[in-house]
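In the two assemblies presented below, chain A is common to both, partnered first by chain B and then by chain C.
Up next is the complex of A and B:
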């Protein structure tokens, strides 16, 4: 706990960070401006947070913003550092973190595919990954309605049951 | 020589799940490799946003087929952190039994599974047969064989059945006995040595570059980087077990480590029965009224457990309503299953490609989600 407070104090002193929360032991979440993300990620990496566990996003549609989340882990002291930043939902663009974490390549591609957030500098992130020939809204956005998509793509069909009643010369009707 | 495009998977004895790699080969050597995931994409993250917190319990184990219980554990841990639920002591220990049994199931399947890409099918069949013995025990404890839906927010769904300890001890003895047979067949087999010793290397710098965790990481960096030790959950801090590590991660070391880890899981389960409270509640009351209308307080949390393939985590966001606002899944084999294939399969022989997938522990359902 002590080492976590130390790193939080360091971040507070060095950068403009807000809303630091710790929902469970050995884990802290904080939010920062997007211009500071790369400096903080690089700094945390040099302080032992060498593992990028996940990059993901949350669509806060009512606030018209995307939350971009970077989850880092320090194997030496077991602390998860979770950095959040907000992007304008109408123009979701950000810069890649590939020079800091080369392993981010496919996480960024995943976020691009499911949220439509573009990562400048990661050209491969624009390629499709999991979804084949997808030309709808990115599916994890809140305004994408899977039910409406399903109804449109797979029209409702009426099935009539026609059971075989005479199999092998034996009439099974009513049995 | 002209390059030829070849496909590995989606149907191949060396492939674990429906997953494909497009390989451009020159002679026997892979010059370019492109992972082609998506065939098992079932849209779990979107589905979870449209189901109640408790309704999701039936959905989440299906994200990872060989080791479904890790999903239940991270989901339960996340909700317990958000809703501030105290899990009863006995439930913690029962969870460890389930998690370690799941670990053995997954390890045995992939330990024997090395027979798929090497043509040693006897090992695969023996592994699957042994897994079936564990599934029988799972059925007696949870009522289900593969997807148990047993670890729930607040504890476990019900207490262990009568004679569970004897049942599991009998199972442990069967595993120990048959594991020796498998060891002889796999680890002492010159054919396996020829294929995976000093082959399919995973250097420490690649581990850090890709973000590989689990056995791959531990055998490369020679450190006990296991979440059960580094960041203990349940009651892992109260049991004694060793985590096998190495400083030379070739295919053989990783396969051997699986074998060693199975023995450690057996050791944990035996200690659990000695140390767990003999009686007591196994599930905390999380709400009064209809559980399907239960609302989890707003907040965000990331929970992770050590699966057989590494750090398996959920990032859970609640807005205080009846359904989750967002759940992101960190499949443990995401780094080695995508970027790893693209960058580091290159230079290997064609017949090594499926060995690469197998020994790196690539699990396609958790990558595709």
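Up next is the complex of A and C:
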């Protein structure tokens, strides 16, 4: 707990970070400007947060923003650091973190495929990963309609038998 | 396809079908959660080998393609490839409710809803998940179907190849497997 407060104080002194919270023991998250992401990630890596556990995104469609989330883990004291940043939803572009964490290659490819966020400097992130030959909206955006897409693409099973829906006296009144 | 009850097979085919039905080798295409029901079916508690069934390593040497669960764009392309590599006679057993009507993935953006649109299914084992007893019961049914000469999915696939191909193209756009790790 003590070492976590130390790293939070250090981050608050050095960078402009906001809404620092600790939802669980040994875990804290904070939000920052997108300009500062690379320097904070590099700094945290040199302070022992050597493992990049995940990069993911959240689509805040009402605020017209994407939230990018980086989860780091420190194997020396078991602390998770979660860094959030916001991107403009109309022009979702960001710079890669490959020089800091080479393992980010597949995470960025995954985020590009499912949210359409482009990472400059990571050429491989533009290749398809799971969805081969996909030409619709990226499927995890909130304005993508999975039911309509599924109806259009995949034929459904048709049932000829009529099943009773009101068995068990649900519609019986006064009896 | 035999539509009436009269047995149209020659004597040689009857003998052939009897032996095919007595010893079947399976290729498990374990994409979904159904794979977890197969180790207990295979090992000491339920022991499917006493009934003359066993796992096989490659599709070219297997008689049955057992598809356990959901298939996405990527896996459906690969399962069509595997099926076309298999030698005749070949049978497909579809396992779990995902292969029947999509199951809980009925509105997913990448999971197909109905397997018999793309490949000829000889037998469905419904359930989410089917227990090992249901699997053994399903295979007993399949064995009696093979011995009676009624499991003819591969002949249907050859006869209606255009129709199956049209459906595959409709959903997948192109049945072509790109493997970037061997480029």
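Here, the second predicted complex is superposed on the first by the 154 of 175 C-alpha atoms of A that agree within 3 Å, B and C clash if a C-alpha of one lies under 4 Å from a C-alpha of the other, contacts with A are read in each partner's own complex, and residues count from 1 in each chain.
Operating definition for what follows: a residue touches a chain if its C-beta (ideal position, glycine included) is under 8 Å from a C-beta of that chain, and two chains touch if they have at least 3 such contacts.
All of these numbers come straight from a predicted model, not from anything done at the bench.
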| query | Looking at the overlay, what does A:95 touch: chain B (first), chain C (second), both, or neither? | reply | neither
| Just chain B (first), just chain C (second), both, or neither: which does A:146 touch? | both
| query | Between chain B (first) and chain C (second), which does A:69 come into contact with in this model arrangement: first, second, both, or neither? | reply | first
| query | Touch check for A:155: first (chain B), second (chain C), both, or neither? | reply | second
| Looking at the overlay, does A:132 come into contact with chain B only (first), chain C only (second), both, or neither? | both
| field | Contacts of A:52 with chain B and chain C, given as first, second, both or neither | value | first
| request: Considering only touches as defined above, state whether A:3 meets chain B (first), chain C (second), both or neither. | output: neither
| task | Check chain A for residues that touch chain B in one structure and chain C in the other, and list them. | result | 130-132, 139, 144, 146
| Contact residues on chain B for chain A in the complex? | 37-38, 41, 43, 45-46, 50, 77, 81-82, 208-211, 213, 223, 225, 227, 230-231, 299-304, 311, 313, 315, 317, 325-326, 328, 330, 334-335, 338-339, 368
| said: Looking at the complex, which residues from chain A come into contact with chain C? | reply: 127, 130-133, 139, 144, 146-147, 149-150, 153-157
| For chain C, which residues are in contact with chain A within the complex? | 72-74, 77, 100-102, 106-114, 117, 167, 170-174, 178, 180
| query | If you look only at chain A, which of its residues touch chain B in the complex? | reply | 21, 23-24, 26-27, 29, 50-54, 56, 58-59, 69, 71, 73, 75, 78, 80, 82, 84, 101-103, 105-107, 114, 129-132, 139-140, 144, 146
